[in-house]
Structures are given as C-alpha cells and as structure tokens.
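A short write-up of the structure that comes next.
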Amino acid sequence: MTKTLKEYQLDERVDTFALLKSVEVRMTQQGKRYMALQLADRSMTIKGMKWDATEAEVSEIKAGKVVHIQAVRQAYQDKPQLKVLSIRLTQVGEPQDPTDFVSAAPMQKQDMAEEVSAIILQITNANWQRIVRYVLNKYHDAFLQFPAAKSNHHAFAGGLAYHTLSIVHLAQAVVKQYEQVNASLLYAAALLHDLGKVIELSGPVATQYTTAGSLIGHIVLVDEEIVLAATELKIDLQSEDMLVLRHTVLAHHGLMEYGSPVRPMIKEANILHQLDELDAGMQSFDNALEQTNPGEFSPRQWALDNRSVYKPENISFNSETD
Amino acid sequence: MTKTLKEYQLDERVDTFALLKSVEVRMTQQGKRYMALQLADRSMTIKGMKWDATEAEVSEIKAGKVVHIQAVRQAYQDKPQLKVLSIRLTQVGEPQDPTDFVSAAPMQKQDMAEEVSAIILQITNANWQRIVRYVLNKYHDAFLQFPAAKSNHHAFAGGLAYHTLSIVHLAQAVVKQYEQVNASLLYAAALLHDLGKVIELSGPVATQYTTAGSLIGHIVLVDEEIVLAATELKIDLQSEDMLVLRHTVLAHHGLMEYGSPVRPMIKEANILHQLDELDAGMQSFDNALEQTNPGEFSPRQWALDNRSVYKPENISFNSETD
Amino acid sequence: MTKTLKEYQLDERVDTFALLKSVEVRMTQQGKRYMALQLADRSMTIKGMKWDATEAEVSEIKAGKVVHIQAVRQAYQDKPQLKVLSIRLTQVGEPQDPTDFVSAAPMQKQDMAEEVSAIILQITNANWQRIVRYVLNKYHDAFLQFPAAKSNHHAFAGGLAYHTLSIVHLAQAVVKQYEQVNASLLYAAALLHDLGKVIELSGPVATQYTTAGSLIGHIVLVDEEIVLAATELKIDLQSEDMLVLRHTVLAHHGLMEYGSPVRPMIKEANILHQLDELDAGMQSFDNALEQTNPGEFSPRQWALDNRSVYKPENISFNSETD
Amino acid sequence: MTKTLKEYQLDERVDTFALLKSVEVRMTQQGKRYMALQLADRSMTIKGMKWDATEAEVSEIKAGKVVHIQAVRQAYQDKPQLKVLSIRLTQVGEPQDPTDFVSAAPMQKQDMAEEVSAIILQITNANWQRIVRYVLNKYHDAFLQFPAAKSNHHAFAGGLAYHTLSIVHLAQAVVKQYEQVNASLLYAAALLHDLGKVIELSGPVATQYTTAGSLIGHIVLVDEEIVLAATELKIDLQSEDMLVLRHTVLAHHGLMEYGSPVRPMIKEANILHQLDELDAGMQSFDNALEQTNPGEFSPRQWALDNRSVYKPENISFNSETD
Amino acid sequence: MTKTLKEYQLDERVDTFALLKSVEVRMTQQGKRYMALQLADRSMTIKGMKWDATEAEVSEIKAGKVVHIQAVRQAYQDKPQLKVLSIRLTQVGEPQDPTDFVSAAPMQKQDMAEEVSAIILQITNANWQRIVRYVLNKYHDAFLQFPAAKSNHHAFAGGLAYHTLSIVHLAQAVVKQYEQVNASLLYAAALLHDLGKVIELSGPVATQYTTAGSLIGHIVLVDEEIVLAATELKIDLQSEDMLVLRHTVLAHHGLMEYGSPVRPMIKEANILHQLDELDAGMQSFDNALEQTNPGEFSPRQWALDNRSVYKPENISFNSETD
Amino acid sequence: MTKTLKEYQLDERVDTFALLKSVEVRMTQQGKRYMALQLADRSMTIKGMKWDATEAEVSEIKAGKVVHIQAVRQAYQDKPQLKVLSIRLTQVGEPQDPTDFVSAAPMQKQDMAEEVSAIILQITNANWQRIVRYVLNKYHDAFLQFPAAKSNHHAFAGGLAYHTLSIVHLAQAVVKQYEQVNASLLYAAALLHDLGKVIELSGPVATQYTTAGSLIGHIVLVDEEIVLAATELKIDLQSEDMLVLRHTVLAHHGLMEYGSPVRPMIKEANILHQLDELDAGMQSFDNALEQTNPGEFSPRQWALDNRSVYKPENISFNSETD
C-alpha cells in the first residue's frame, strides 16, 4: 500500500501519486523557468519545486489533475517542501479521480443526507419546512460535496454539510436548555444559512470564489434562493414567517462589518450567529493546533484575528472525563 | 387665504387647519393628563401641548388626521411651540386630505414620471432596460409618492423619485466628463438603488419603518425585486449582466458598516455610491442651514456625523455667477 | 393574599408592602422637596414620587428597607409610576426581610449547590478540582446569593450561580459534540469565571459596584483568588495546570477592549468566552422581549449594542417541536 | 521609429532609451553586487536587473537620467522584468530630457492654462479672485507640470492641473443642478485645494516627498500660501471671505484622520470634498482596471482600501449611449 | 467683607454681586416666561432661576455684566442652585469689572510674563528666538489673559499662559534627564503651541469659540502666525529651522483624529505632545476630584473619555514626602 | 585590543568573538543547507550567513553561546551582513560568558540598586513600602538584569531597572511641580509597574516570551505578586491602600486595548501611564534615529504606530542650552 505524503521523512525519496492543486510557472531572478506546485493527498498539502521545467511540462501539467511524481522531501523556511525530480499526468490504470485526493468531512455523504432529512421533520412550521425542502433539494448534491470555505475552517469536501450539521446539533442543545426558543425557525435557518456557498464557491476541488460569490456574496445569494422558492411555492413574501426566516439567515454574520446587511434582531437569529462563531472557532483552533507541538505556540492565525494559540503539553481530552 | 403655521408670530393667536403627525397622551409629574402633539402644514412642523386633555379628545384625536386648532404660539427652549386651546377633527366641507399638508418635492409627480421614462430610453442594454421597466412599473405610484427617508434628507412626499432623479442628473454629468463609464449600467442602477424604500417605509404620511424594512432593509429588498423580475422575464440570474446590476445596487452604501453586504468592486458601483453621498450631503446641509441664522453655526446634525455647520453672512448664490 | 405591584391597574389605589431599592431627595424647580423612589417586589420594579416629603420621612426612609405604601398607580412618559400618598417603614409583625422582595433565579439555592457539587466531581484533574473546591468553598454563600450583574443580564438574586450553571450545561453539550476538548479545564474555568463578582458587587439587594469592583474588576479579582488558593494548597503557580486555568478565566471576555488582559489562546478559553456571550445574549433578549408586545420592536437595548429587537407575533416555542 | 517598452514581447531582445526612475545597488545572498532598476518611458514602468554591476556603472548611473539599455524581456512572479545586459548614460545627440519619458496628462499644458484662466473669470468675488490669481501665478509652471501624487491617482506629469480641472468640471455640473451653491467659493477653493503639492512633492520626474511635504503636508502648505497672499494683497485675514476660503481648502480631505485639521462645516467645503473623492476614485479604478483582464478581478488596491475590483467582460462604454 | 457664593449654605438668603456668565429667557411648559442664569464669582459658578421675569429684566440683563442679586440657595438634582428673587445691573460705586469675578490662574500675570521672558533667553537658536519674541509680542496681553479652553482643563483667566508655563517646566525636567533633546526647539514650540487660542476663543470672560476658531482651529491659526512672522523677519520658510518648528507646533495633538494635520515625526514634537497630555490630564483629574467626596467616584468626565475617577479617602499629598 | 563588530568596514576580513543570539538551519531553494545567524557584541547585532553548513556545525552551534568567527563584512539590501567562513564554539581560555556580549543599560547594576533603595525610603506609607521591599527583594537579581522588552524600547540587559528609574525620575519632577500628588503611591507603583517582566520574559540573553508571559502577561503577573506579598505580610487585601496600589499598577497601560484590565481612575495611575508612554517614546525615537542619517527619514517604526521619524540636519542638543 502506498505511503501518504505525510509519512515521508526529511531527505526521503518520494514516488507517489498526488493531486496538483495549483501550478505557477515562474522565472528565477537569473531568468530560468521553473514550476511552483501545490501537491496534495488526504494526509496533507505540500509545496513542490520543479526546477528547469521543460516546455512540454509547462503546457501539459495543469491544476486539478492527478499526477505521478518522483521527488525528495526537504524543508524550506521550516516548512516541508518537495524537490520534484519528475512529474507527469497519470494514465489509464493509474489514479485519475481528483476527489480521491481531497480531504473530506468525518461523516459519509449518505449519513449527512439522512440526518438532514430527520431534522427537516422537526421543522413543524409548514412554510419553513417547504422552503427548506425546496432549496436543499435544488442544491442537493452541491450541499453535500462543497467545502464551507476556500481555506480556513471546514475547507474540505463535504465541509458545508458537516458545518451545517454541527450547528444544528448545537442548536438542539440550546433548544433543550432554554425554554423560549422557536426550534423550527432555528433549525430552518441553520440548514439554510451557508447554502449560498454552493454559488459563491467553485466546487470541492481547487476551490475558488466565483464571480457571483465575489460580487454578491453567499449571504444575499441564499436570501435570493429563499425568495425564489417562496414565489414558486406561492408563500407570501411579506408574511411574518418569510420575514423572520430571511432575517435570521441574513443576520447570521452578526455584524454589518462582517457582511450581514442587518444585525440580529430576533432571538433565534442571535443564537444562530453565536453558534456559527462557536463552530468556526472550534475548527480554526483545530487547524492551528494541528500545526503546533505540545508546549508551544502556533504561528499567528488569520482566521483567529491574528492570534497565536497555545497547545498545552499535559492536557488530555474529554474521553477520560466522560 | 389662510396663514401658514410659519407665518404666525410669537404670542399670536392661531386659528387654522393642520395635519396631526403624532400624538402622545402623557401625565404631568403631578398626575394630570395632557396631549403632546406634532402638527404640520407645508410650511413647517411644530410641537403643540394640549393641557387638561378630555377623555373625548384622547379617544378621538389620532395621528394622520387633519385637525382644526385654536392655539397661541409660544416658544419653549428656544423652539416654537403651540399652546393648544382647542382641537377637533375636521368635518365635511373642511380640509380632510392629509397629503395637502405634507411638504413635497420641488417637482411635480407627472414631470418626474416623464423624466424617468426618458432616462429608461437611454439604457441601451436590453436586459437592464427590461428589469428597470418591470420593477418601476410594479411600484410606479409608490415610487412617485414616497419620501426617501423617515426623517433627515429627502424626507418629503415624492422625495424618493426626486432624490433618484438628482442622482441620475449627476450621473449624466459624470458620463459626459469621463469616457470609460458604462452609462446604461449607471442609469439602471441609479433608478433602482433606493426603490426598496417603498417596502421599507410605510408611506408618505406619518412615515415609519415597516417590519420588513427593519428586518431586511431596503438594499436587500430591492435586490430581491430584481431577482424576481429577472425570473419573470426569463433573464439568466447568473449572467454577467445580472451580476453587475445586482452588485451595483447592493454596494451603493459603500461600506459594509453602512449596510451594503459588499463594497463597490465595479467602477459604476463606486460612482453610484459617491453620487448618493453627494446628494444626501446637499440635502443634509440644506436642512441644517434652514434652521440657522447667517453668521451662526447650526445645532449638531445627526445626519452629518454630528457636525454643526456654518451659514456665511456675506455669501451669495450661484445665480450671480452664471 | 396580597396583590403584586404588577397586578395593579392604571388609576387603581395601591396598599401594599415593597422593597425600597433607592431613594433620592430632590427639589422641584420651584423649590419644593420631594422623594423620588424605586420600589420593587418580585413582580416588577416601579418608580414612585412622594410629593411634599416631610423631614421625618426624609431622615427615616432609606434604601434597602421594606416599606408600607399607599399610592395611586399612574403613568409618566409611557412608563408606570406610583404617586405615593404615604410611606413608612414596616414594623414587627409585618414583612421586613428585603430578600423576600427580590426576584430570584428560577432554581432553588439548594438545587444549584448540589449541581455544582456534581460538576466538581467531573473535574478529573486533581489540581483544578482542589482549586475550584477551595475557592467556591470560601465564597459559598455569596456565590449562591449574588446576582450576576448590577442591571442587565442575570440581575437577580442567585443569578451568578444560575448563569454559571447555564454555561456549564452548554459546556457539557460542547464536550459531547467535539472530541478534542479538555472537559476538566472547561468545567473548572466555567465554575470560577465570574466568581470575582462576589467581590465586585455589593450583594443581592440594592446592588452596587464596590470600590474593589471598580478599581480592579471581577476578572482580576478571581485570578487573585486562584493564586491565593494555589499558594495555600501548595500547587506550583508556574505549572502548566495553573497557567492554563488562570488564562482560561482571564480571557473569558474575549477581547481586551472588554476587559480581558489577554485574548483566548487556548481552545477551552475560546469556548468559555463564546458560551458566556451566548448565555448573556439569551438573557438580554429575554429582558428586551419581556417589555415588548408581539409584532413590535423593543426600545434600544444598551446590553445589545443599542439594537432594538423584534418579538414575532405568530411564533411558538420549542415545546411543540420536542 | 523606436518601439516603446510595452511593445516588446517576452524573451525579445530590447535595445532602446529609457528614463532611469530609480536605482539600488544590492548584494545577492551570496555576496555579488547587482543593480535593481526602475526604467520607464511613456508606455510603462518596468523593473530591470543588471547582474554583476561594475564599479563604473555603480558610480555613474543615477536616478533621473536618461539611459541606453540592451536587455532581454522576461517575467518574474507574473510581472514583466528586464534582464539588463548593458546600461550607459546617453550622450549628446541622443535623448537626454527626462520629461520626454514621463507619462503625461491627456490635455496639453497650454489648454489647461487657458481653461484655468477662463474659470478664474467666473469667480465674481474680488477677494477670492485676487487670491487665486496671486497664488496660481506664483506657482504657475509647477502647477502645470507636477503630478497630483507620488504614485496612485493622477501620478503623471500635469496630473495636478488635470485633476484640478476635473474637479472644476464636476463643480460646474453641481452648480448647475443645485441652486443654493456659491459658485465663486467652490471654484476658488477647487483651483487651490491641491496646490500645496507643488511644495509637498519634488517635481514631475522621479517624484518623492520633500521634507516640507512630510513634515507639514500639502493641506497646511497651501493654507500658508493663501495667508501670505492675503497679507501681500492687504485683504483682512479675519474677514469672512478669508475664513471660509481657508476653511474650504483645509477641510477638503473630509475627515481629520485623513489629514484635514477641520471637518467640512460649510456646504461648498463638503461638495469639494465629495468631488475630490469622486475624481480620485475614478482614477484609482482606471489604474486598477488597466492591469486587469476582462472577466477577472484586479490585485488588491491600496488606493481603494485594499479592495480588488472587477472588470466586466461584456460591458461597453458611454459612447454608445450618448 | 462679602461672602463668596460658595460660602452660602443651603436655604440661606443670598445678597451679593456676581458676574452674569449667561442668560436664557425661557417659557415653562405652561407658558410663563423665566430667566435661566449662570452666575459666578471666583469661588464658583452656580445656576440661578428668576421666575416671572419682567419685560424690563429681560431687555436689560445681559451676559457678561456684573449684577446685584437677592436669592435663596437651594439644590436641584443634587446640584446647588439659586432661586433669584431680584436681579439688577450694578451702578456706579458698585463693582462693575467682570474680570474681578472670574477665577484666575494661580500665578500673577506679571510673574508669568517674567518667566516667559527668562525662558525665551534659553532659546539659543536665533531664528526660533526671534519668531517666538515676534509672535508673543504681537499677542502679549491676550496670551496672559486668555483661558486655555472654553470649559474643561485650564478654563480660567490666565489659563493659557499658566498651562504653557506648566509644560515648559516639565520640558525642563525632560531636558535635564535625557541627553539627546534640542532644548531650544522644545521651549520655542512649547511657548507657541497653544497661542492660536487667542484667536480661537473670544476672551477671558464668557468665553466662546470664534468663527475663526471653529472654521480653522487654533493649531493652524498659530502656524499661520509663525509663517507671517517669518516673512516679516525675512527668515526662509523652507529652511529646516522653520520646517521643524512648524512641524513641532502642528503635531502637538499627537493624532490626526485630534486635529493635528501631521503626527509627531520629530522627537521634540513627540515630547511636546506627551507633556501636553500629561498637563491636561492633571487639570482634568483636579476638576473631577474637586466635585467628588473622599472614598467616592466622580460623575463621568467628558474630558477623560467618559471615565469616572476615584478620590481615595486615606491619601495624603506630596508635602509629606518632600 | 579587539575591534568591535561595528568597527569593521565593508569588505573587511573579520576575526573575532561574538555572542550567537539565534541560529536557524535553512535550505536554499536549490536544496543546500545553510545557517542564518544573528551575531552580537555590545556594539551591534548583525546577521550572518554560513553557506554549506556541515552536520557538525549544525549539531554543535547553538543560540546563547559565545562563538569564534572568521568572516567578511558585506551588505545585503542596504543592511550590513557577515559572510561567515568559519564558526566554532569558544574554548577554555577564550571568552565564554554571554553577558559580556550583551549591550547594557547606561548605569551600573550597583548604582541602580542603590538608587532604588533611596527611593524606597521616600515611600512614607508603611504598607506600600513593605510591599515594594518584599517584591523587589524576591526578584532582586532579575530586576537588575532583565531587559524591559524582547525588542523595541529598553531591550538591553538592565533595561528593566533603567526604564523603571527613568520613570521614577520623571515622577519626581511631577511631584515637585504639582501639589496634589501622592508621591508615595506614585513611587511605589512606578517601582513595581513592569516587574512582572521578570516572569514574562526569559532573561537578559536571547530574550523570549515565556509561556506564563504569553498566557497571563506582565500586568497581571505583578498584580499576583503584590497580592501574595500582602498575604504574606498580613496586610488587608481589601484595604484602600492595597486597592489603589493594585489599581495604579494594573492601569498603567492606560487603555484596555493595550492590556490594562482597567483604565486609570486614580490621578497617580494616570500620571504613571503618561510617564510610561513618555519614556517609551524617548527610547523608540532614539532607536529609530540611530538608524537614520541627518536630513533623512527613518524606515517606518512598528513601535511608533508605523511612523517614520525625521532626523534634522542642523540641530544640536541640550548641552548647549544648559
């Protein structure tokens, strides 16, 4: 069985398949052409340098493809890097499906789909349930395949559905603890809140922002989908049901500076915003801690307002305390 | 012919009709009931106090009605105020239409409607022209009657259309001066940019925010209308035409802190934002200067970030320099 | 059985006992002395005016005492107010215990104490468990009696313990959902995080900030208690156990602008901060919604960054969806 | 006829004259000396590298001179760059005037001078007209030659006058549309507002900030010139004419954080500020769009608060709509 | 000898002379005319109410005049207030000079003038010394009489010179402690830094902002004076001496948001800014502590970013520690 | 006698001892291993490059050691740099004490210790004097040896004590000038304010933040020491003496955003904050000016909010003006 990229040691010879996430053809200051690559499998993403790139390589090797590489694992500025000796596209009989090399959510698509269905049943308000069904149905596959971000938190295939379900689970705990919460509204808005990302982002492999994503943003994009659904389903857009659902989704970034056109003015909107922050924070800490040794501080994290975070040495996790 | 409210002098006896903009029944600290009123005609809005309000008055006199008053004009904390001696609803044969007492835009509705039609013809892109026609048609009357704000700039009947036309005029000057501007996009977005106010606000008399206005806001409300129009007209929502039009409208507040979910990333969006600020600034200065004597500073203006503004003594206006 | 203050109607004659929360002796502009009172029982707090206050009343009637009043319920600027006709301290045989008139947490002290004990057992790290026991023991009674704030969220007797338990419950849900969380650290810090309020505030009745509270603040005050406890228990202050516990408590306001001398750099510190915000938000929304009619917006809420919040008309609560 | 720098293709041999905008002598990490150059003609500015720089080259080749180069056009990190093979100063008979290599405003100096004269005639207030004449006369040549900035908007020879005229043109449109504007004040302040840049910047070639520019800034520098002019012309500094003119110029950055010691408190000051922002925005967008392919986003733009901007694919310009 | 205003007790009958700092004629809500007064002597400023003001009183009694009053000392909302029974202008033979009633700096004018002269001699750079002499000479009397502010810190007659000297004294301590400071520059800029206030403010009695003060501000006003002086004295405005002096004065507010058009970029400019803040802070704390009882907190102080400050009970001052 | 590092010229051969402040083993892009070094003696810190580092060198050469080097002085990107030809640890008989190579405060340790003792005697309040003695005694050596920062202001051995004494000296000038200052409190707090740095930082050589420093911060760390001292000395923690001392120390960063959990609410706390800023500003300017030629601007300084600072050409220092 093949080794993963993470398993190779410093100075070890690498001979494997990988997904080419990006490639840039550059010149050295002295004018020689080389290729700067990002290579990935499910264990990690690693930079690679192919010096003295040939014309053929430059024209053939494209981002999003599976490649075969021979290389040596080195380190550059404290980070692992591959000195790529040879690179070629894979052939018939070799791995060719990019999604086999993309890290994925810890749940299976099918399980996530089933759980979503179960939650929809808990939405007792008919209007909200119909809207959620309609919109999730329209984007069923993308919802289960897309990441929740280009990079940072939940940037893996299936990350969108996984992040959505995390929030629904937290929402269920909140509903259990506090009496005065409208569970239907909270679940409906939680299921829809980030769905605009299926239009904002390009897809699960080599994820980029789309033009629609940059010019409109996922918050308004999903609001538009809700409005179109309501029109299709003949639900009155000016009814309170529709106003509070749109508000709860629109306000989920909490602050206007973060792109919500309105601040949360309904209790369920405030809860959704807080749970979104909590779950994003969990993922951002986990990302940071993965790169950090016990007893040390991480590099500064853009997704955490530029904080570094500390990984305690002598700390154990909750399994023991259950 | 009747005097306007503004024409009465200090201590003069007032006997006239007025629109009752608001009424609150209060108690003095000693426990006597009185009515605090806002009365208006086209010349001004003035506070009034009806001491010792009777049960009948309290139950009958409602905001939004035309009333007949007898009063004395006084001043309280440097501001004019009426001591109302008697107040009653008007009867058949007396003025009863509230809109006769509301200040209005300096242009006639009909003239504004015609000018809007002429501008639509200058939108040479068919998609944008059809969208603008469709949406303006749907809200034709409200567009011509609504104010552009609850208070502050353009808070008068017809203010929405008037403010819109001011911006279109400035846009025409910009198009003339700078070569690389897409006039069709700029005019289309200018005509639509504030149209969500016909849903955000309650109407031209005794204007309040609606629930939809507070929970969603006029920026997203008009975006939803554009999306519905495109669907109805079978124009592809993901076409560049539709993306840049929605973007230009969504970004017109310029900053996310001011409620735009995206910042202007298209040149025409940036122009629209700047012209909106320029026209709003003109109105805010005019409002402030109206209350200010030459050679003095106005009270601080909320609409101008709390600035006071100065009214020069020896300054004359542009007629002379033409 | 006596009516509560809330049950009296407008213009009804009031004859009851109440807690005098504050009293100020003032002059009218015309120079007459009167007393402005705040009166409370568990149903509400209401302003009162005692006109023509006598010397005896002024010298005898003090905040924090139970009084007997005769009054008429009126309204002033839309708010209920009592015109107090007579006021006197209660005598033997009449109610005299202020805590009988203070609103209280929805849980009994004894139940809260037991639950806290149960949670302490879930702290499997011996150092943290000993610290928590030591400090909670030292302030046992105050912890169960104090409010969590002077006003705003959880400003009722027992509010401190109740708010603490709410956060522990949410923490338990988080521990259950996410694998990589140190439950012991999270529970220990959650139990201690606001305990400095027993020094910061004056007590459950007529709550004020103490001098120590204003000059030092509850965040540093509890850190000092932890340090003193560790010294007493001979636990090394420089051990990682002690550093991460102090950090988690110190960082719980999340931002330095909100008084935390450090931002959360440990995952459990970030969780505690988020849960603190979530629970405070729940209480602030409930406070706002209590004063609001269905289908209307609340007045602006200081505790919610000056937002008004909306109370939907047609919304039902989670009981139905369980 | 010689090719411009822009016309050379990748890998093409370059043999041409150029202006040397800047030169830095550096070492490679291995300790070899080389020269990093900025070379320009009117078509573009391009980086160049002269490896193995000789002592003679280092001492002779200075910024601001016209040079002859032989080079190869390459690309480094996606940007065009010249590998310079030989470089020498030009000799008699070859081009030697730096201004022949500097990009310039789209209007001729003479035309701009004439238009300025025409506008001065529209200033009907004698004091303002005399001040404007005096100060513009004093800096006549520099006003027509200087750029409006070191880099960013209007950073080309004649840019200062061109930017000034753009604002005057917009001001004329504003005067035409709004009745209550003092045109004389607006034109006078517009003509003077950025004139301090002739002291703040070093000149049209290889533009740098002067010491006076950094320590005082162009806003105060032009205010000082106005004050000196008034003294020379015996116009009372404390007259309202002089106060409002100085205010209008001083306030043109709009906010104190942007270097205006006062915010606009006069209507014409507010207009000037808005028009300045509008014109700067036009230039910043044009700069960004020049580097951007249709259907793509630009790199982030410092001059636009770090936004990227979008260049639509299918958009046409205003010629069609005229 | 007459009692000062401060010496009168609650309910005591007052019969004295005072300066009338301001007067407003108002109506009660019931429509009766009264005068709201601010009366002052050197001991304090106190509000007064003259109910039932006569026509004669209203037309005769003006701010800035010395008046004779008969009144009763009362309290309104915890603050002392006079119920004025009679008020009239003083006559020949009675006190008539307003400055006798204004609180003054703790130093005599003459002493301040002498000390300023002594410091000028310590400015060893001839250009700076000549500029300082010229400008201080031009505004000699105003410099010694004006307050340093309308209200807040140093708002007493002579406050400008006194604040200036405080800063010079601190500057002397800094010069003594740190070797690398240019004392001449620091002293010259310290003497001039706030001198623009003689134009910004109206004078020592009933101090208001002038139009020039509001539209231009004291920072630019004094820079203009320096420029005029240099021109008169034929000192080159572009010399480094003049640039650093102007910079040091212009930058003394430290931040552009506080009205300095440039931030301190010269060491002496930074020192002057810090000392200005230190001295202003001392005065603001003293103002706040004067209104505060030992062991209590002051009301929130606008001049201290809305802080309340604490007055310790058991604290003694530096005399003991000398 | 050996030359210092600063005395070597460009291209000169270097043969000397130095402290190795840091070392990083890196790869060139082509995959060759080299060592990037920071070498220092008391004259300067300089970068060094040891190309083709051997295994032996990599394993032996560690930060914090004294080394012998042979090298050539070069320049890289305008900064001096050593091309290291050979490097080895020093042996017996050669210099081996790192502190001999660290730049130090301009005062001797012994002199600083004596001056601190003298100041302690000026603290006339017994509680404060005992606390200061106790805490300074506990950390006596570290207080005299530690720097005041990792980099930036006072980043030299003994810098902590030196910065502390600078502030005490300024405090003495303030006490002399202003009457109402409690000198004992100010001196006690000044002596303690930065003492937490002996826990926050790792020591005088190769200074890093400790885990305690990052997670708790020096402000709270010293507060904890004060609390422990008071407990040990049986001084009541809730006494006003202890509250105001802790407050004054806790508030010395002035703003919560800068890490003080409370803003200065006591006059002495405000003074300490201002003096801390003044002294830090002096050091930051001196650091910037050391790298700057007369008549030029420094690079932007992180420690001065990213300002560049100007070094005047023709300016002389205060010796002349004394």
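Letters are used for the chains, namely A, B, C, D, E and F, taken in the order the chains are written, and counting of residues starts over at 1 for each.
Convention: a contact is a pair of C-beta atoms (placed from the backbone, for glycine too) under 8 Å apart; a residue touches a chain by one contact, two chains touch by 3 or more.
Computed from a predicted structure; not experimentally measured.
Asker: Among all the other chains, which ones are in touch with both subunit A and subunit C?
Answerer: In this structure, the chains that contact subunit C and also subunit A are B, F.
Asker: Since subunit C and subunit E are copies that touch, is their contact same (over half of the numbers shared) or different (under half)?
Answerer: Under half of the interface numbering overlaps between copies: different.
Asker: Express in whole angstrom the distance between the two chain centres, defined as the mean CA positions of subunit B and subunit F.
Answerer: Whole-Å distance between the two chain centres: 60.
Asker: Could you put a whole-Å number on the gap between the CA centroids of subunit B and subunit E?
Answerer: 44
Asker: Rounded to a whole Å, what is the gap between the Cα centroids of subunit B and subunit D?
Answerer: 40
Asker: Which residues does subunit B have that touch at least 2 chains other than itself?
Answerer: Each of 211, 214-215, 240, 244, 247, 265-266, 295, 297, 308, 310 in subunit B touches at least two other chains.
Asker: Determine the shape of the graph in which chains are vertices and touching pairs are edges (line, ring, star, complete, other).
Answerer: other
Asker: Among the chains present, which pairs are found to touch?
Answerer: Chain-chain contacts present: A-B, A-C, A-D, A-F, B-C, B-D, B-E, C-E, C-F, D-E, D-F, E-F.
Asker: Within the complex, which stretch of subunit A touches subunit C?
Answerer: Residues in contact with subunit C: 122-124, 166, 169-170, 173-175, 177-185, 187, 240-241, 244, 247, 263-267, 270-271, 274-275, 277-278, 281-282, 285-286, 289, 295, 297, 305, 307-310, 312-322.
Asker: Quick check: in the complex, which residue numbers of subunit E touch subunit C?
Answerer: Residue positions touching the partner: 49, 51, 72, 74-78, 81, 83, 295, 297, 308, 310.
Asker: Enumerate the contact residues on subunit D facing subunit E in the complex.
Answerer: Those in contact with subunit E are residues 199, 211-212, 214-217, 219-220, 223-224, 227-228, 231, 237-238, 240, 243-244, 246-247, 250, 256-262, 265-266.
Asker: Note which residues of subunit C are touching subunit E in the complex, please.
Answerer: 24, 26-27, 29-31, 211, 214-215
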